[in-house]
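One structure is given below, represented as structure tokens, and several questions about it will come after.
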Amino acid sequence: MEIGMIGLGRMGANIVRRLMRYGHSCVVYNRTPDKVAQLEAEGAIGAASLDDLVQKLTPPRIIWVMVPAGEVTEQVIGKLADKLERDDIIIDGGNSYYKDDVRRSQALQKQGIHYVDIGTSGGVWGLDRGYCLMIGGPQEAVEQLDPILKSVAPGKGEIETTPGREQLKGTAEEGYLHCGPVGAGHFVKMVHNGVEYALMQAYAEGFDIFRSANSEELPADHQYTLNVADIAEVWRRGSVVGSWLLDLTAIALAEDPALSGYSGHVQDSGEGRWTLMAAIESAVPADVLSAALYTRFRSRQEHTFAEKVLSAMRYQFGGHVEK
Amino acid sequence: MEIGMIGLGRMGANIVRRLMRYGHSCVVYNRTPDKVAQLEAEGAIGAASLDDLVQKLTPPRIIWVMVPAGEVTEQVIGKLADKLERDDIIIDGGNSYYKDDVRRSQALQKQGIHYVDIGTSGGVWGLDRGYCLMIGGPQEAVEQLDPILKSVAPGKGEIETTPGREQLKGTAEEGYLHCGPVGAGHFVKMVHNGVEYALMQAYAEGFDIFRSANSEELPADHQYTLNVADIAEVWRRGSVVGSWLLDLTAIALAEDPALSGYSGHVQDSGEGRWTLMAAIESAVPADVLSAALYTRFRSRQEHTFAEKVLSAMRYQFGGHVEK
Amino acid sequence: MEIGMIGLGRMGANIVRRLMRYGHSCVVYNRTPDKVAQLEAEGAIGAASLDDLVQKLTPPRIIWVMVPAGEVTEQVIGKLADKLERDDIIIDGGNSYYKDDVRRSQALQKQGIHYVDIGTSGGVWGLDRGYCLMIGGPQEAVEQLDPILKSVAPGKGEIETTPGREQLKGTAEEGYLHCGPVGAGHFVKMVHNGVEYALMQAYAEGFDIFRSANSEELPADHQYTLNVADIAEVWRRGSVVGSWLLDLTAIALAEDPALSGYSGHVQDSGEGRWTLMAAIESAVPADVLSAALYTRFRSRQEHTFAEKVLSAMRYQFGGHVEK
Amino acid sequence: MEIGMIGLGRMGANIVRRLMRYGHSCVVYNRTPDKVAQLEAEGAIGAASLDDLVQKLTPPRIIWVMVPAGEVTEQVIGKLADKLERDDIIIDGGNSYYKDDVRRSQALQKQGIHYVDIGTSGGVWGLDRGYCLMIGGPQEAVEQLDPILKSVAPGKGEIETTPGREQLKGTAEEGYLHCGPVGAGHFVKMVHNGVEYALMQAYAEGFDIFRSANSEELPADHQYTLNVADIAEVWRRGSVVGSWLLDLTAIALAEDPALSGYSGHVQDSGEGRWTLMAAIESAVPADVLSAALYTRFRSRQEHTFAEKVLSAMRYQFGGHVEK
């Protein structure tokens, strides 16, 4: 099929590459032209502007927007709306807030333009492994995109079939899923990231306990100096806690068990935050998802004001001066 | 090699079966004789009593104790200590507290009996997949056990090699690991279970948000009725959150997306609790591990006294009567 | 001064009573007329409709709206806007979301109507103790309201002066505070309630530990049967944890230490939720505020879907069937 | 009455002073003699050694030990045990672990020496306000101490009587309480401190949200620059969140709203940790108590190893390099 891609960052460029591997024709545009040139060299059709990209695509067009969520996405889609025609499809493949999807889709619907939101997971490994796709939007538009989605997704691969799957239809086993109406794709991807933070935090706390197991605060015969790289490795085989995140942890710890090259400043993106807001709005207790996010907030500060308030109270009632 | 097994519950019996598959000779004992008879039928040598088991083994003996942690393990090892000789090895393969290992080992050491603690993970799948083994104890004794450990463990299998592993020696890649001196095996297994609880909780909260996404508390155009079975399935392919626990979740949800056959009462074993105690003793923040455990505590009560205290305060200051 | 009050629920009616005690003239309106009649009997001027209330007030008018936050407040203020004139002041004294204040104020500003948001705390005790007032809005309007605010607030009372207060100006010591521009009053009140939830939860967990201290899970010589009413009482004198919430807890426990008349279903209002959203938006770790809210969410369900997911995983990997 | 005091730190010395105010005769000992001299100057009888102290007291003796919990207390009580006689009473007034009380009491009981554990709260303010006393031990011994306890405790003071208290007997209203058998006093004090940490954390998070309310991450019309000193002050009057800890916060913020003199390193003592262990042992969800303790653990580190693990995973799957 023919598809336009706007935004050639790591994710956008690799999705184009993967699409070309499967024989799709890609018209590509990026704010900085060097990335366009690079993909032209690999077989894509370059576009010099949004207008150029629109003109080079045959209607009804399919345009995948893969730019930073928030204002940039808002602007690009706003500009596209003026250039597109009835029955064209805009895919927002970034990490947009699902409420923005709903709002934008309602506006575009008036022009007969279809809006499809796709959450993608796969990171730097996606080019070869394929990307897990979580999709929201109108049934017809999503069906039309099927050949593209199938190519970007990982497919069944060598992963064992889930018992009981035979009776269930659908594409989930292929690694892509139409989750529901507009916004549903980003909603599912949002929670995916919330869960991801908490999974990461679970391992992180466990390895922190291991690193601290030789603390001198502990009685001598309860102190252990543990090899965290080996522990991560042994857990990869036969244990209940095996996962892809554990595989990655094993790689990092095999390089340097002290992880001394990593600062410990941990960023968070909107999805982790929005996941909590969604939990709060529907009154779901989300204890570990919250704790995982707050750890990241805390990691980026030298001291919180909260901690100073604690110090101040301790001084006031007990005369304690913290060092 | 020759090995004695005391305790033929699900784990003990399957470890015997796996050992026999690899050609080891197993003398087996259980409090109830029917399980002994069953394994005799499969090729093991049955023992009618602890004494009988000890006599049927050639010194220096290797005896794997696989009975419930706590008092039962304490008693069995106590009785064994009277019957064994210098250089015999007792393996505690249950879920013992590492501080009990240290204490018991110090007593046995005086008699020249070696004590090895092994934490095992693998559940009902271990017979075929092999068991991940986390081992503590004196170097020599653990080395002596190597052929047995290698057979029980999963081996490298088809799991991809961790980059950088080549330079690192050891058995971690085979699925078994000598973690350190006595207690270290159960210490690592303990934290393993603490991490396991939190990983489970992370997925559980995510799916709870999905199930609640069609809550009528939400604005109509932000309500989603999601197919949780399909979401679990699609995440198994190419996504960052893929794991064995997710595979199991996908199986359960494929059977019944409402999970109506499950009560939601969730037990916890000692390890989750001891993990927190270890974290507290070495001053490691363990937010998600704690939250995961507390959810289980809460799940087994209709209402906590804490909640009644909240209701009572609300009534006192606001006149609120909760329904 | 002359003031109109719309909404004669517990809070609205008692504020009117308090204002009348201090000699203010109150024109009152309520959706159901019996409450109007009651306050007329106590000296207020009744109004039969919003129009009637507006007509009975001399411009520039001051109208305090004390109706349920959300749609009701939105509608009442919407209707008022059509009836009022330049320089009139609308006070939203309910528990509105501060972002709604900002939006509403911006609309009213075009008509020259001033909007002041006031968060009030004091519950059923406020009539006699006075209400703590947290105020947002334009400086001039708030200054104009000063005689009213001073009457509704508790005043200095017998509470000890904070050392260092002498140099600081302002009304905080009188129990009312102009916190900042529009929305700031409700913002401060919102966080107030978030903090309140966590304070309550702190005591609640402590008393839960006391009630569980005679659990048979514990060793016999570490079991305690504690008198929670006496503990609450003794903490009221000389201890670091003394507070008004503790006073209330002591009252409830003195009546019935088992609190058997309280269900343990605990409601939450918007403020606790919005507090977390504000924390998330400004990247502040809010661990205890979150945990306190989630406990309330959990208290209203028999079992969460999350707990069923945990049960299901446990069954899949370990064959555990929870009772 | 006559009483011996061992340990003249801030708490011990002030309790002696308070006892002397009420006419009790105090024999005092301290490891460093200058503190003894100081209290002699104020009217106490100095002792040059433990032996001297024991000799200067008339049997049956009452000796209050007020030294650091843990090894120091263990040693002092061990030495005393050799010097005392049947029917003497040892009071451990420090912050001992209740399980140590139980163990020590069982040993002393064989000699007929009574052991009473007293948890005290009151900080630097206790000399004038009196100390809240939580007491464990045998009924007879505690009754014997009544005149002393009454003097150290705050008494009813001007604090309002709890409705319903009239029917309940006992000393709780006087600010001291015999909580139960040995250990019960320190158990109640332990949880008291656990609750105290969480109350402090609740306020701390609230004020952190206020300080961050002018964050540039927020939309311009939702940014507030708030006066935290004034907010603490206004909450002291009429609000639901009033407390002694809030009074102290108001003092600190009145001095410097930025709290720039406080480092934000926050210590924790054993009690907060033991409270969690008690909660875990009796399966009580203790979410806010835990979060409060973990915040303190975190406050004393530049970065946790956990955070580095998170950074490392992010790098591995997404190529993210944290600054």
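Which chain is which? They are A, B, C and D, in the order written, and residues in each are numbered from 1.
Quick note on the criterion: a residue touches a chain if its C-beta (ideal position, glycine included) is under 8 Å from a C-beta of that chain, and two chains touch if they have at least 3 such contacts.
For each chain, UniProt lists the protein as follows: A, B, C, D = 6-phosphogluconate dehydrogenase, decarboxylating.
No experiment lies behind these values; they were computed from the predicted model shown.
Participant: Using the touch definition from the top, what's the fewest steps needed to get from chain A to chain C?
Facilitator: Step count on the best path from chain A to chain C: 1.
Participant: If you tally contacting C-beta pairs, which comes out ahead, C-D or B-C? Let me know.
Facilitator: C-D
Participant: If more than half of the interface residue numbers appear on both sides, call it same; otherwise different. Which is it for chain B and chain D?
Facilitator: Mostly the same residues form this interface, as more than half of the numbers used are common to both chains.
Participant: Could you please state the distance in Å, as a whole number, between where the Cα atoms of chain C are centred and where those of chain D are centred?
Facilitator: 31
Participant: Need the CA-centroid distance for the pair chain B / chain D, whole Å please.
Facilitator: Inter-chain centre distance comes to 39 Å.
Participant: How many Å are there between the centre of chain B and the centre of chain C, using C-alpha atoms for each centre?
Facilitator: 47
Participant: Can you list the chain D residues in contact with two or more other chains?
Facilitator: Only 123, 201, 203, 205, 208, 212, 240, 244-245, 251, 281, 283-287, 291, 294-295, 298, 304, 306, 317 qualify.
Participant: Write out the stretch or stretches of chain C touching chain B in their complex.
Facilitator: 10, 123-125, 200-201, 203-205, 207-208, 211-212, 244-245, 248-249, 251-253, 259, 262-267, 287, 291, 295-296, 298-299, 302-320, 322-323
Participant: Would you mind writing out the residues of chain C in touch with chain D in their complex?
Facilitator: Touch residues, chain C against chain D: 98-99, 102, 106, 121-123, 126, 129-134, 153-157, 159-160, 162-165, 168, 170-177, 179-181, 183-184, 187-188, 191-192, 194-196, 198-199, 201-203, 205-206, 208-210, 212-213, 215, 217-218, 221-222, 224-227, 229-231, 233-247, 250-251, 254-255, 275, 278-279, 281-289, 291-292, 294-295.
Participant: Given the complex with chain B, which residues does chain D contribute to the contact?
Facilitator: Listed in rising order, the residues are 240, 268, 273, 276-277, 280-281, 283-287, 290-291, 293-295, 297-298, 300, 304, 306, 317.
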